[in-house]
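Pasting the structures here.
In what follows, subunit A forms one complex with subunit B and a second complex with subunit C.
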Partner chain A sequence: MPVRDLLRTSSKLSPFQPRYEHLLLLVCVLGTVLPLGVDCNPSAENHQNNGTQKKSFPVLSFDYLHVRLPFEIALWILLASLMKLGFHLIPRLSNIVPESCLLIVVGLLVGGLIKVVGEAPPVLDSKVFFLCLLPPIILDAGYFLPIRAFSENTGTILMFAVIGTLWNSFFMGGMLYAVCQIPGTGLENVGLLPSLLFGSIISAVDPVAVLAVFEEIHINELLHILVFGESLLNDAVTVVLYHLFEEYAGVGSVTFMDVLLGVICFLVVSLGGVFMGILYGLIAAFTSRFTSHTRVIEPLFVFLYSYMAYLSAEVFHLSGIMALIACGVVMRPYVEANISQKSHTTIKYFLKMWSSVSETLIFIFLGVSTVAGPHQWNWIFVGCTLLFCLVSRVLGVIGLTSIINKFRIVKLTTKDQFIIAYGGLRGAIAFSLGFLLDKGHFPMRDMFLTAIITVIFFTVFVQGMTIRPLVELLAVKKKQETKRSINEEIHTQFLDHLLTGIEDVCGHYGHHHWKDKLSRFNKKYIKKCLIAGERSKEPQLIAFYHKMEMKQAIELVESGGIPKIPSAVSTVSMQNIKPKRALPQLSKGKEEEIRNILRSNLQRTRQRLRSYNRHTLMADPYEDAWNQMLIRRQKARQLEKRMTNYLTVPANHPDSPTMMRSRLSSDPQGYSLKLNSGNVPAIVVDPATPQSPESMKLLEESSKPGEEDQGIVMRAKLPESSRTDDNVFTPGEDSPKEQRLIRCLSDPGPPPEEEKDDEYQAFLN
Partner chain B sequence: MGCNASTLAKIHNVDELILETGFSSSHICHLYNRFHSLDKDDKGLLNRGDFQNISELAVNPLGDRIINNFFPDGVDLIDFNSFARTLARFRPVEESLKKEPDSPEPINSRANKLKFAFQLYDQDKDGKISNNELLQVLRLMLGVQVTEEQLDNITDRTIQEADLDGDNAISFEEFKKVRAKLSGHFLASSCLTSDWDLGWGYGVASL
Partner chain C sequence: MGAFHSRPDENDIRHLAEKTGFSVEQVEILHRRFKQLSRDEDTLQREHLYGIPDLECNPIRTQIVAAFFDKRNFDKDSPQGTVQEIGFEQFLTVMSHFRPLKLRMTEEQREQLRLEKLQFLFNMYDLDNDGKISLEEYRHVVYELLSQNPQIGNESAAIADAAMLEAATICMGQMEPDQVYEGITFQDFLKMWTGIDIETKMHVRFLKMDNTTLCK
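On to the complex of A and B.
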């Protein structure tokens, strides 16, 4: 996750004095842990005898009870976050051991500490888990799901999720039952149905664990989406099987009718969950259409609607995870077109933050629960569980792949299969489901729990730790770091159209045909309803192009201006500019005007920043200045006859949210520029950024002050000397915090006769 | 409309066709049936009008170019064999086939596919995609919502990125390089059948 990487990079900056930090951390940990143990003794001395005698007014009193619950929750979260900090301070630990393992170890330690103090360590309550800890992670995953990869591999993913999980459950349940029947193991009381129930609990691949481990190994997109998609979609199967077996384990037998009902139930659960999610997603998208006046609460709608989708699905025992994913996926394109830049950043960071905290808490609690929970260790049962888990996973993957490969164009190689099999990690969902079992119906629940925990530990520790060296060893393809250039985007769309056309000629209604139909339907009807205003008409390619321009411009700013650029970034456009031609040429009059405008606005900003009104996010004061400059620029451009603006973006409405958005896609990682051999400027495209800038109508630009906030504003600093062709302005003295404005142009050389009066060349919007 | 020996018998030179295109006989049958369903007046040949009758092709921005590609220069009617040959380009690449060093490249090889795509861009067939040609393609794909200036900028930018020898046009070599950068999975996923091979397992695709 980008937040993690951010932490990593920041930790590199302070390598000195690690010891103090470790000490501090230890003190903090102890400080947080001890109250957790101590709190359980209500102090009886708080009762006072009323009325009998007048006591002196208490200046300082201690009343812990009434803040106990929130206090504990806050302490736990604080502990989790401190742990996360701690790991990244230790230099090489995070490279060897995945975070999930470390967190479980911490949980074990904390649990042990609490036990030593004499208290009962808290166990991971299933209700808390399913209602509070799991949704943020799933929402984060669903909102940022790579749609293209997912939709192209949907068939494979569904096969693995549904049939793979079914196979795993029945194989494990059956084999365990067989083992239990062997006389002399002491396990004869484990019936068939409890075994099958156990099999269904333990066989589901866990999204939390998969995310935690796979995030760090940066495997190629195909494998990532296969394993991850499987972990998400198998929820429906798990829910149905779990309920089915749990219901009937008490009765003792399952008839054919029940099986049939189970199948129907599966369809209802999964499709119902998806439908619920889509419904809420559409409502959320529709709501976001009207939020242009209350930007502050936009992120709230996203979170609330998604959570409502999850809860509503849980009401009917539908698959909450699928509802959440469907909601996020459906909602995203429309919401992102409607909301402001700031809201987008907020949503992104909140989701990452919550999911990160949730994940940390889940793993820590797993550790604590291990120490806490009642255990019943049975070597044979646990050993066989582990063995059968591995065996069934491997067999399942191999078997399914051989069937799937008949239908796939890109076949799954043996290496791929190995990674898929190896990446089937179990996690906290299995534990929570086991914990929910009723002890009355299932006397062997403790044994089950022990086995589940052992399997979880094994998969997370052994498989989690070794997957990275294995990936290196097998030379599995890693995630491509180069981002898409506009060429590739054009070709992609071109290919889509081409292949759709060929499909139509053949009369074959394949993948492309339906995708094309869907996007046409989307454009014609849905976008009009759900996206406010102009943005509903924007083609994707334009959005992409603008995003790219923005990013490149930002990179140029951050890399410090033109003179450094030829060495750091060799954008093709920049090749045409020699370092000496640093700055554009402005007439004196214009310069003075700009200076005045900016100076006056600067002061305005400073004042504004001091008092921040909660109800409205004021539009930035630069807007007026910007609009003036933009209008001037338009005129300038109209004057020019011919200009090859390689990086020009025509004057845009300054408030275009996408522009703002792509301006700062908040992700420092997003700005990494890699030079590749084709000398193509590799532009980072953050898949999370939304798509549609407003369509540009040069002449219709009218400033709408106060309509939207601009996000981070770029300031133009005045150039000392001036040249016509563009470039980067270097910052002046009076701009402590403003950022530099880039104008990138790659005009190779204006013909000498042209008047370069008003060139504020293209610049970023 | 079944697929049987009698259908095969109707096709001229069917064995040679199977060899050349690499389709299986059932595929050929299906294509033949499709050919006849497109051929409204039953003349055994297709003209441009028959293609344009396909409704979905009419709304496809690249529809005209695709149709033109079926008809080589100067030819206005095509028979089934050339129909099948053009479609054969889209078959998935068979990596496992052993290639003799001097045999002609199979019709669905990667290079041929790229050449086909290149030809769709390069209308005047001079071996380069010029600024103008790219502009036309973009105009087709993006429709009316986009201003001229935007299109110009995008075109310039695109050519700049891909152009290595500085002639301000994209040659076939440069085109190949750009396409090569698309990751393998992505490339292959732009195919006519994704994981599900619907219906008759017609493994068309993969560019």
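On to the complex of A and C.
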């Protein structure tokens, strides 16, 4: 069992030595925590000095109340972030315990500390929660939702979200009511409607908790999207049930009419929320079409429109979460086509940052609220709640899966069902909803809150901690880290078209047919309106290709031209794929002859170049600069060579600045033909590199031992030595045939071998 | 068994169902569709398929139609070449490549199904039947995929080249500079598809086909 192994290894190591970083962190934490509880009132002193008598000018004064609220908010956020830092300094801990558990524990500690200091710890205010802390997390989830996986499994997700949640609520509510009716438990005052209300609050799977735990276990995409999608879409059901039962709990009874209205309300809430989201998403996409001149505020539009969608939905009591998801999903393809690369990065990082901070704060506050909140512990109630939660979840999943599997192509196995059932975590949404209950209508609110917190703790701690070893134990398929390759894209598109075509031949208007129709409609009308300029007509394959090129170019430049994959890199390059078949076949002997002639010519010119430099341009700094430039060009050339291994960038593509500079400063096509025009002291660009076979050959032939490193020293292998000694100046070497080879830049494109072939051909014709 | 009379009898249907793996209802439904497409004749010709209006917007229409008349898809060991017209049995055989997975399938059967489907795909790419997808053929595929957009320029060549390079990298790993990569063989093709569940992706739901929505 991996957990046991971990514990065994950790016990073998020396006892935990508190390093000084941890002490620093602890000091920081204490420093931030204590002021949160301190209630200073120093400004009172200032007010009393009202100018009755002239006193000395206050050089330094202390006025905390002035900044109290923002200060405390900032301190809380700082605390949350420091906690996150701290966990990752303790590696072993973060492997065993998921972050959410640790954060709740920290919250408990902080709450305890504040209580010890004597203050009342702040409780998680529902308004703050729903309006400030929840939206970033949901937006982050919605914006980066994997559309393909989601749309393929929509039916399943909806079944789990709607029917599963309904089943859970009614089962829980009913069973709890039955238990409460048992005489002797002291719970007789819990009526049917309050227990149904409680059931509806506690039965919803929480997206925050699911995200927090599932992100760390890297489970396969199908299961992830099923559980996560369910947690997102059950918001509509929860909202309707909550309002329904809350309204009528006071009245005491629900008629059939009310139930019917409830169903209609559900449809309105969910579809209305989605509609609101789509509306704002389209407006956002349209706005982003015009932002080409103010790139800096592009991310702001994304955030603001999404938040407005959420708030507008909340105004009408529609499902804010569904609005947010719909907005993100609709907005994304058009906005990404319109905004700059930097804005895209900004949006990604801001969303991740905000959602991360929100999540941390939520869990910490949960811990603090546990310490703070009024509790009323009742063993039977809490125990039964816990039991029924688990039972109803398991029964619900099993029952629904047996129905769903009749319609699915990829059936859900027992392992999958177990993970889905086990992954139904409850979280802060349940707590906030419970907190919103009015004490007047619900005298047993405290008991409810206690039960909710217990269930949350149980699911997050027990289920959250054990899900990772269980996933390992059951050998559930993990997420595959495959990079989207261009091949995959081509094949996927081909397959899509093929399946659509077959459906048309069959006459069956199925899934692919409608998807194809939608995408054609999208391309024809919508993209024209929402995407600026040329990009609207760009087909998906080309857009994907450009994106991939850009990504690879950025990676390459970032890594400084060194390929990420070490020596096992493939040596397959373009010349393996498309050798120039147009060349007439020269016999081997003739080729050798041509090579020798050209080699000797090249060397001659190189000697001339060297001598020209040495004699006439004697200034040392010039040569240093020259060498520097050559080294830089060499690096750029290496960069390019590797690029041609990965990509085939046609010549008219916009290149990275390095490549453009290098291409501009050397134009070998023109120069190489001047090889035999001997008298012009032109700078000849030598296309040979250390990797080309002939320079290697020459290098290996005669290497003088004990020589200091002077770069690649090329010893000329000359069949006739008569013409080589004309103007050779060798820097004090013995053999006049030694020269220093200047590695110069050659043109990008086909490797030198082939280029030489071309030139030979041009030569001969 | 070439052409059928207007209504095949029970034995024929059952025989076909066994051979191709469809259920009896599916065979009947497909037979009705066949009749509709071929305008009540006994054999189907290319013009009949080209006449389907929905198929016109499909960029790879020619290749799909060609796949129906490609002998390689009728039988595993059949010779290469194309035919001019097909009967119902061949129609059904081609359609059977798109059967979904059955729940209780052994590993071996799954593997078999996977190979069949991938062979079908491979045949669609490999136009000249030489067992390899050359660069030209690949370029043709990409060109077809992009054919609905007017301004492709030489992008399709670049994309196909990059894709080929990737395929070669996956399949061959290390190559000398003067080795030539002829094309993607079927084994290489299998390698490229290792991560993806073709059995689940390449299927059409034959269960519910409403004949009333069938077009001309």
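Here is the rule we use: the second predicted complex is superposed on the first by the 530 of 765 C-alpha atoms of A that agree within 3 Å, B and C clash if a C-alpha of one lies under 4 Å from a C-alpha of the other, contacts with A are read in each partner's own complex, and residues count from 1 in each chain.
By our rule, a residue touches a chain if its C-beta (ideal position, glycine included) is under 8 Å from a C-beta of that chain, and two chains touch if they have at least 3 such contacts.
As the structure is a computational prediction, the values presented were derived from the model and not from experiment.
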item	value
Fit or clash between subunit C and subunit B when superposed on subunit A	clash
Partner chain in contact with A:221 - subunit B first, subunit C second, else both or neither	first
First (subunit B), second (subunit C), both or neither touched by A:511	both
Which of subunit B and subunit C A:487 touches, first, second, both or neither	both
First, second, both or neither for A:520, with subunit B first and subunit C second	both
Contacts of A:499 with subunit B and subunit C, given as first, second, both or neither	both
Touching partner for A:91 - first (subunit B), second (subunit C), both, neither	neither
Residues of subunit A touched, compared between subunit B and subunit C (which is higher)	B
Which of subunit B and subunit C A:399 touches, first, second, both or neither	neither
Set of subunit A residues, in rising order, touched by both subunit B and subunit C	409-410, 480, 482, 485-488, 490-491, 493-495, 497-513, 516, 520, 537-539, 541-542, 545, 572-573, 646-650
Residues of subunit A touching subunit B in the complex	148-149, 152-156, 220-222, 404, 406-410, 480, 482, 485-488, 490-513, 516, 520, 537-539, 541-542, 545, 572-573, 644-650, 676, 678-681, 695-698
Residues of subunit B that touch subunit A when the two form their complex	31, 34, 37, 51, 54, 56-57, 59-63, 66, 70, 87, 90, 92, 117, 120-121, 137-138, 141-143, 145-147, 149-150, 153-154, 156-158, 160-164, 177-179, 181-186, 188-199, 202-207
Contacting residues of subunit C [partner subunit A, same complex]	30, 33, 36-37, 49, 52, 54-55, 57-61, 64, 68, 95, 98, 100-101, 103, 121, 124, 135, 141-142, 145-146, 148-152, 154-155, 157-159, 161-170, 172-181, 192-193, 195-197, 200-206, 208-211, 213-215
Of subunit A, residues touching subunit C in the complex	409-411, 480, 482, 485-488, 490-491, 493-495, 497-513, 516, 520, 537-539, 541-542, 545, 570-579, 646-650, 751, 753
